[in-house]
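One chain, chain A, appears in both complexes that follow, with chain B as partner in the first and chain C in the second.
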Partner chain A sequence: MTTFTLTPRWLARRPNARYMGLVLLVLLLLFAWLTPWLFPADPARQNLLHTLATPSLSEPLGTDHLGRSQLARLASAIRLSIGLALLSVLSAAIPGVLLGVAAGWRGDWLDRGLGLVADCVLAMPGLLLVFMLAAMAPGQFWSLYVGIALVLWVEYFRVVRAATRSLVTSPQLQASRLLGFGKVYLFRRHLWPELAPSVLTLAAFGAANAVLAVAALGFVSIGLRPPTAELGLMMTELLPYYQEAPWVLLQPIAAVFLLVLSFQLLAGRDPR
Partner chain B sequence: MSQAIVRLLVSRLLQAGLVAWAVGTLTFLLTRALPGDMAYRIAAGRYGYENVDRDAAQAVASELNLDSHPLSAYAHWLGDLLQGKLGHSLVSGEPVWQELGHQLGHSLDLALTAVVLALLIGPPLGMLAGLRRGKALDKASLVAATGLRSLPPFVIGLLLIMLFSVTLGWLPAAGHGTAAHLWLPALSLALGLAAVSARVSRNAMARVASAPFYAFAMTKGLSPQRTFWRHGLRNVGVPVVAYLGVQLIYLIEGVVVVESLFAWPGIGHALVHALVARDVPMVQGTALAMGLLFVALNTLVDLACLAIDPRRRPA
Partner chain C sequence: MTSLHVDRLSVSANDQVLVAPFSFSLQAGQCLTLLGETGAGKSLLAQAIMGTLPAGLTAQGQITLDGEDLMALTLPRRRAIWGRRLILLPQEPWHALDPLMTAERQIQETYRHAAGHDTERAVRYARQDLVSLGLDTAGARLPGELSGGMAQRVAFAAARAAGGKMVIADEPTKGLDSARRDDVVAMLKQTLAEGGTLLTITHDVEVARQLGGRIMILRNGDCIEAGPADQVLQQPISEYGRRLVAAEPSRWAPRRQYSRPDAPPVIEATQLSKARGGRTLFSEISLSIAPGEIVGISGPSGCGKSTLGDLLLGLSRPDRGQVRRAPGVAARRFQKLYQDPPAAFAPHWTLDTLLKDLIRQHRLDATRIPPLMDRLGLANVLLDRYPSDVSGGELQRFALLRALLLDPVMLFADEPTSRLDPITQQETMALLIELARERECAVMLVSHDEALIRHSCDRCLSLGNAEPHRPVPSTASSLPA
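Our next item is the complex of A and B:
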């Protein structure tokens, strides 16, 4: 079995790959957030006289099958994916880490109770849970968000709990404790520096998975509804026009690829 | 040995129970969370919008226990599940069991072909890379694995369709029936799986090849091939097979989406259709089958690990 090892310092492993990931992510962020300023266009505005237009000066990425600006749609879809990924990672990581520390530190009934909840979530592949939660409120942003966050927090919980268990009995933490330092201090000084690298790695993988999940949901038409610009949904919509306009279909594909790649590189470990 | 197996089977059985409870509860919540009058909606789905009247809605409501108190309905729902009463599909009217029976075989075909293909592609490449660390093959395999893992299975599938069906015209893009139809969906899943198992086996091979016992085997005069077959293969096999357990998540999730892409008549395709059509009994049946398939495959992986690795067995 592969065990989770704590990396000593942030960026200690594969610094080059991580910098590449960071640069890629920053470029994507710039593209997604600057495009509306530089090329203000409504991603939902149709122009049926110019469908599937080839890239030009006024439409740098061409138009889709309804004549909508592909540039505006792509930027909006990337904003949606990154926003949702960061939001769900944050709201999974914070409770995941806190509960993991609590369970690992306190042990006993709290540990067993939370462990059982975690086992329930892990009993099934996460995407199935996300699918079913998303189906409860179809086309709603929050149901995707809740589903993804609910699946993601378990990872943080398990890793942090296992690490905390061994850290709590370490001599340095015991010494600080005997000196009378408070719990918050102990967490900040002794636990967090050890936990941070693995939490950041998990966060990067989690963001990648969130992007993949949103795209998969959109692709099978369970997720967000048209006319929302969403990467998976765009692929489904543009697939029938592949023969006429392959470059349009390749854009959301490239966007998903680059997004996930940047997060995977940022994670700094072998792909899983 | 047998003790370890019993403990393993008990824990997997508990997991199967958890899956059934989670799926049952979620689908129950799904019925309650549907907007509008559920009975009318389902009746419309079943008989068509023109043919819905109050009697039809009433019949649906009594069949699905829509009028009773939520808690008693929940107990009733789980009770039915416990007895294996999955009901009838609201769209086709066929018993859910019967539909699942058709689909399970197709999904298994796809999943197992994908795993076999992945094992044929990934570990051999990974082991070669691990034996020649830092060389071109090692670097190329890292780049390829990172790239493939950045593509979700359905995107790999799309790219394969574009390449093999649209551009080259070698293989059919979608459908089911002949062996040719199996290639593209299986390959879409296998490439992602192979990417990870190549890296896992590369790391394992590198570790084994730099271990003292490996060097000793070479020193005592065994040829590189013999050393590999005798001392390398089995040691590399353990993490690769163990990691298959982790990859099953990818496999099952991939099956759902890839089946939808290729119109493969399996359980994943049926799940997506049921979710879109709000066919609650089918949602429950297919999600349950998917979840239980996941548990069953995991059990097989565990048993395989026990068989390969004697250290896992109590003396």
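Our next item is the complex of A and C:
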């Protein structure tokens, strides 16, 4: 008895990468939202007698250069990053998908017009746009979020437009239209099931990019202002102390790494 | 000399036998045709012989090519045989060809890399092949610019360029009209004449008849009849074989005459013209269809048959001319049946969900469904399945059910049975005609099968060949005996 297969099974199916990403994200969420309950501490409260303390029972992750609780700061920074990431993903995905469907469906001038806008946004360096907005409203939460969403929507738009364009002329859509179904139905039954896998993958990648962008802006001191606990900002603040207290500096770095990893794993699409 | 012996070959998945043990042997110049309905396991046999079974399926038994036991070879060794000794001519060649490479380059590639000739020779041989297949002008074109028949010939030239003599053709005529089909059959016979060996898999009885040689009829993975082509096709022994042969459209019972009531037409078109991509598809077509009338539309592929349907259904606009529907009839009572049933359903929902959507949308009476399903021979269990898990024939009947729920006055059937096997085709056509007559629903039947149109339509409209619109009255007397 002989078995012939063209692809080894382990290559054809990566086991549970998505599941691992989900577990990691849930753990991070639990850490970020449960810490204030279990260890209530003000992330901004300084204690100059206990700077750069090593982890102990009362301060499980040690303290930073101003004696602030590193645990409370890290949890607060992760909450901020995840919140901002989800918010900007949602506000990029919803208009991106809707405009993509509209352009792919109507075609013609609407498609050309929206395509032109999308190309213009793409031609602009994304980070620069965020810089610009951040410079216009320094230290404001909304400027970061609007800037990131403005850069991200184009991806959804392009993917959705291309998929919609081929689906609109397909027999399945034509058949449903002849049967008298309206546009909302066509979107729900025909378009969304086809679009959902790519949109969700894009959303996961987009969330990872948003986390990185916020941290990068914080690192070059353009984003949010101290004393806000933000991962990039924490790295900048702690960088001068890397020799005395490397473990403190490593914490925000590890947090960014784990956040991005969890989103990337979630985005890993099962090969069909 | 080429020889292929297959001894007790079977294919199974997880201990479930999909193709029962199966034996045959073929010598150079011989030809064997496996005939059977879709899902009979024909393609699995071809894949088992090639060694390309999908993961999870296993082949057992013995396959000997020129005295060498193929089952004992490792995959890389088996790959080395592909093209050089064993050729597979795939289904639907435009999927098998590289869409971004010109026809000539694809043939050259095999000469260059599989047969190991130098570039200069590869170019020369590829040219010769194109000329000998009558494709002189097609060399520089991309597969998307070739017709189905041309693409099939290019795929064939590319497949055999490495010198393989044992040819396996898997549904080589699928989706081709009868003229193209005859071309492909002639091409296959040519390889036989050149000393090749041919194993053809098809559901088209006509292909089997033209190829001659021996025939095996498969059903549900079992071989139920085997013998020389003449004998099997003239006097099939098995009950299934008899049905299969009788299901050929040219042998259908002559249609009953339909007395056309002098009712006002359901749809009328005057002086329709349409061009696409700078080419005139048809011009100045006028037609008028009475309730319950069945009108055939024939013509070579690409002559605008489907486009005419789109115009009549209001899916696109004519360049010139006018379409008038019977006044006071809702637009949804003009329906369409599609060539590829799975493509006409939303794939991510069960049939039950889709039917319920339709009922809700138009506030229909749900109690009409069970009797209609009975009538169409659809079992209730099918409702819980997805469109892809239902056979093509069943799905086409579901499409018919969906249309009938809206009480159609006209049904545009675009090659509704061309992807179904002969028996299913016969059943589906019989149901379609019966229900259309009963409900006085006009049917426009597009088909490239002239026999099918002759046996099911009241009259026929030929498109293409620059011929003006000319309704051809067909009579039962024009049947071949």
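The rule is simple: the second predicted complex is superposed on the first by the 253 of 272 C-alpha atoms of A that agree within 3 Å, B and C clash if a C-alpha of one lies under 4 Å from a C-alpha of the other, contacts with A are read in each partner's own complex, and residues count from 1 in each chain.
Rule of thumb we're sticking to: contacts are C-beta pairs under 8 Å (C-beta built on N, C-alpha and C of every residue); 3 or more make two chains touch, one makes a residue touch a chain.
Predicted model only: the values in this text are computed from it and were never measured.
So, does A:V26 touch the first partner chain B, the second partner chain C, both, or neither?
A:V26: touches no partner chain.
Name the contact category of A:S170: first (chain B only), second (chain C only), both, or neither.
Second partner only.
Please tell me which partner, chain B or chain C, touches more residues of chain A.
B
Counting only touches as set out at the top, which of chain B and chain C does A:L178 meet: first, second, both, neither?
second
Taking the superposition on A as described, I'd like to know which of chain B and chain C A:L38 touches: first, second, both or neither.
Touch status of A:L38: no partner.
For A:L90 in the superposed arrangement: first (chain B), second (chain C), both or neither?
In the superposition, A:L90 touches no partner, neither chain B nor chain C.
A:H190 contacts which: chain B (first), chain C (second), both, neither?
Only chain C is touched by A:H190; chain B is not.
Between chain B and chain C, which residues of chain A are contacted by each of them?
Common interface on chain A, chain B vs chain C: 1-2.
Quick one: in the complex, what on chain A touches chain C?
Result: residues 1-7, 9, 12, 170-172, 174-181, 185, 189-190, 193-194 of chain A touch chain C.
Please output the residues of chain C touching chain A within their complex, sorted ascending.
Counting only chain C, the residues touching chain A are 51-56, 58-60, 71-72, 75, 78, 313, 315, 331-332, 334-336, 338, 340, 343-349, 354, 357-358, 361-362, 399, 402-403, 406.
Where on chain A is chain B touching in the complex?
Per the touch definition, chain A meets chain B at residues 1-2, 119-120, 123-129, 131-133, 135-137, 208, 212, 215-216, 219-222, 232, 235, 239, 242-243, 246, 249, 253, 256-258, 260-261, 264-265, 270-272.
Which residues of chain B touch chain A in the complex?
Those residues of chain B that touch chain A are 15, 18-19, 21-23, 26-27, 29-30, 33, 145-152, 154-155, 158-159, 162, 166, 195-196, 199-200, 203, 239, 242-243, 246, 248-249, 252-253, 256-257, 260-261, 271-272, 275-276, 278, 283, 287, 290-291, 294-295.
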